[in-house]
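Letters A, B, C and D name the chains as they come in the text, with residue numbers starting at 1 for each one.
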Amino acid sequence: MPVVDLNCDLGEGFGDWRMGDDAAMLGIVSTVNVACGFHAGDPQIMADTFAAAKKAGVAIGAHTAYPDLQGFGRRPLPYSPREIERLVAYQLGAAMGVAALAGHRITHVKAHGSLGNRATEDVSAAEAIARATKSVDRGLVILAIAGTEIERAAERLGVKAIREIFADRAYTTKGNLVPRSQPGAVIHDAKLAAQRVLAMLKAGAIIADDGTKIPTGIDSICVHGDTPGAVAMAASVRQALSEAGYTVQAFAS
Amino acid sequence: MPVVDLNCDLGEGFGDWRMGDDAAMLGIVSTVNVACGFHAGDPQIMADTFAAAKKAGVAIGAHTAYPDLQGFGRRPLPYSPREIERLVAYQLGAAMGVAALAGHRITHVKAHGSLGNRATEDVSAAEAIARATKSVDRGLVILAIAGTEIERAAERLGVKAIREIFADRAYTTKGNLVPRSQPGAVIHDAKLAAQRVLAMLKAGAIIADDGTKIPTGIDSICVHGDTPGAVAMAASVRQALSEAGYTVQAFAS
Amino acid sequence: MPVVDLNCDLGEGFGDWRMGDDAAMLGIVSTVNVACGFHAGDPQIMADTFAAAKKAGVAIGAHTAYPDLQGFGRRPLPYSPREIERLVAYQLGAAMGVAALAGHRITHVKAHGSLGNRATEDVSAAEAIARATKSVDRGLVILAIAGTEIERAAERLGVKAIREIFADRAYTTKGNLVPRSQPGAVIHDAKLAAQRVLAMLKAGAIIADDGTKIPTGIDSICVHGDTPGAVAMAASVRQALSEAGYTVQAFAS
Amino acid sequence: MPVVDLNCDLGEGFGDWRMGDDAAMLGIVSTVNVACGFHAGDPQIMADTFAAAKKAGVAIGAHTAYPDLQGFGRRPLPYSPREIERLVAYQLGAAMGVAALAGHRITHVKAHGSLGNRATEDVSAAEAIARATKSVDRGLVILAIAGTEIERAAERLGVKAIREIFADRAYTTKGNLVPRSQPGAVIHDAKLAAQRVLAMLKAGAIIADDGTKIPTGIDSICVHGDTPGAVAMAASVRQALSEAGYTVQAFAS
């Protein structure tokens, strides 16, 4: 019986602010990427999120980002690879510390927002993330957008890469995400999203909007947790996976 | 030949700001307590500080604090023991992450400023710090002000406490620090400070300003790194220790 | 025809985070207290909020607070009256600057959260707020909880105080708010809240939970904007005021 | 007798951190640009700085910047012109509020660091700064690097531009600053800097490193306040101006 992971971002509040329906998402996904205080999150939210994930049997990762609460980590900031290494090591360590206190364990690192986008095509930035991950704990894996530089950087440095595809984003012929500014970039129909995910899993490939197939291993499906309809979309994808015979399970379990 | 540790705070800048002469202090002390980004410090400064300490053969610890850059961690903030646990676990983990990247290793936890003061007399806060330390890594020790609740909390929870005395602060008959607001609270004469340290080591006791002796083990001498005359004071204490036959050496080495 | 103001807090987001249904509240109240970047708010949210208030014909004030995004301004922070003066002058000036750009005009100052609570009973803190307000612009008024030190401080310094009562909070025999920790402190029934407001307006007094009347002028009714049911509660109070023959109108218009 | 202004940045600390010798600089210059809390400064430092400037008879301006304490406002951040308007209006208003409390008065706006650099060549950003300034107070002037877009934007919008040259920076043939990365970009010799200033004032032109003269009005000389030798450099320039018969005086007095 085939196995696949279903992941989303979580713990993206700060202080009294919240984003998304974390409790609902924990009932659907198998892995969550938890904000580490740089683009969102704080020690209290992190601890509560890790404890809730533990209780729900959901795996946790450090969702590392540029230090940018004001911009939610979505703005390009001029950090050098050397600085990125340190930002990632700091956040990853912090997440491991809080997870230990909360009785759970960090299994992976994912790069968020602008840092994550950069790591798909900037080799030095991608290697910085992989280097930091490896330095802090050799047993960790990197959750990487399938077919991008961060996947290759992880492999080059001997860090296992878990390859993810997006349930609700269209792909270009080259296998990149269609920019959000273009029509059709984001898929809002939960059923359609679920069908696309199944098609890509079956094909062992990313399927571009013109039908082109870019072969890749697919270990995880990424769903969003903070958009309108996020919970319904995630549930739809999960149900489709189950009905198609997939076991939804954290890659690290 | 008797051994004693000499410690000071380090890495207390933020962004472009600096505080104290870190390079000079690294040539004098055997252990440094490094700010973890909450009252001072950032991933870049932490990494540079850890690398410099490694090169100088100086042991490093996580100097944990309330999140309060504006107040340098010196303001009393209304965090509950449960929240303190999480703040400490976060900072300790972050420091361990950055230290791993920088090729060094965290040996201890110390509480800074207002959190540190609270932990000398608030049992719950002291235990929260010890609990966080133990949860994150059982091999770590706590650098504690000798004779206070944080020393006892550490011991109760099975975390080794390293007991420190202050070179430049007067003590009350009860073994507490004379508040800075009172005359004579801070000793500015480097020679006098060195003599007091030797007297306390010889007596195996804190010596209050009225001569009262409060017996205690003394594992480390704390000198300040950011006051005028800090470097001269630290050098004077170090020289006095050497001349009296002490080997100045990190407790954890 | 009697006139009364209806006010609530607004613009309490930060970066990508939002709190409450600002658009709905702008259709109900006559005055809003806008966060100035210290407990919530940022220049972008402030400008958007001021522009929306202008369009809705709603008066705006500077909702000044301790600098505490993490704690939403609700934590007691150890600022001296002299420091409070400066915090308030900074936020008030900032709000005036952004309001000028947005084509609107600040009419009043209100103290938020922990600073607001302190100003109800700490004479020095209350006077600091009044002093800052007066220094920055003598034409501004202070929106004060009726019967408290901030009302008296404003009057003493020659700043006009607008006296507000809370629609959804119970009062003690002394005219203070029943602490939220006690049962019945918060009124969740929108109808009941509206009735209480009318009763207090008619009596020209705060009516305590045991029926005691504490006479006071009442210039404004404060409703919450960020609680569940906030919009329904505010709408209910507004409708009751209209049906009872009150014109709901900003005090400063 | 010819008159010229001498300006430098001031109040560039944060919390317990300080940068530069503010007291010494206040004894030399006629105008200071005070950090407004976004790249440095906080309400307490601002109030102290404004009061000290008032006492020293030195004019004050709002030194507006991107919100970037971590990067001291020196990093390019992706703010749109519309967002810049709001950032500038916020900081300018805040400075005016604190200045009113401190008994002084803001006379001008200057853009700091990365925002300042951008405003020398990005017309939209320059106009955003001018628009914000004009919206907040039509009586204010903009302190502009002579010959750049910010000077032209101010004039176009009807805001008076005060044109400054740098005492310690070399200029290119086009009248731009030689980038710091190139040799000779920064002049460290206080005597030489003073001579260059006099030569440019006499020529009524920026003099490039190859001798090219770019004619411009010169209203103010900018000296640095936070570099090694800053005080000596400023004093040297001031003395040279006096000996050459210039009255050093704030443009706005």
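Going forward, a residue touches a chain if its C-beta (ideal position, glycine included) is under 8 Å from a C-beta of that chain, and two chains touch if they have at least 3 such contacts.
Note that the structure is a prediction, hence the values are computed from the model and not measured.
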Exercise. Please name the chain that ends up farthest from chain A once chain centres are defined by their CA atoms averaged.
Key: D
Quiz item: Of the pairs A-C, B-C or C-D, which has an interface that repeats that of A-B (more than half of the contact pairs shared)?
Solution: C-D
Quiz item: With chain centres defined as C-alpha means, what is the inter-centre distance between chain B and chain D in Å?
Solution: 42
Exercise. Compute the distance, rounded to whole Å, between the mean C-alpha positions of chain A and chain D.
Key: 45
Quiz item: What are the residues of chain B that contact at least two other chains?
Solution: 42, 70
Quiz item: Taking the complex as given, what residues does chain C use to touch chain D?
Solution: 37, 43-44, 46-47, 67, 83, 85-87, 89-98, 100-101, 131-132, 135-137
Practice problem: Report the residues of chain A in contact with chain D in the complex, numbered from low to high. | Solution: 67, 70, 75-78
Quiz item: Across the complex, what residues on chain C touch chain A?
Solution: 13-19, 42, 69-72
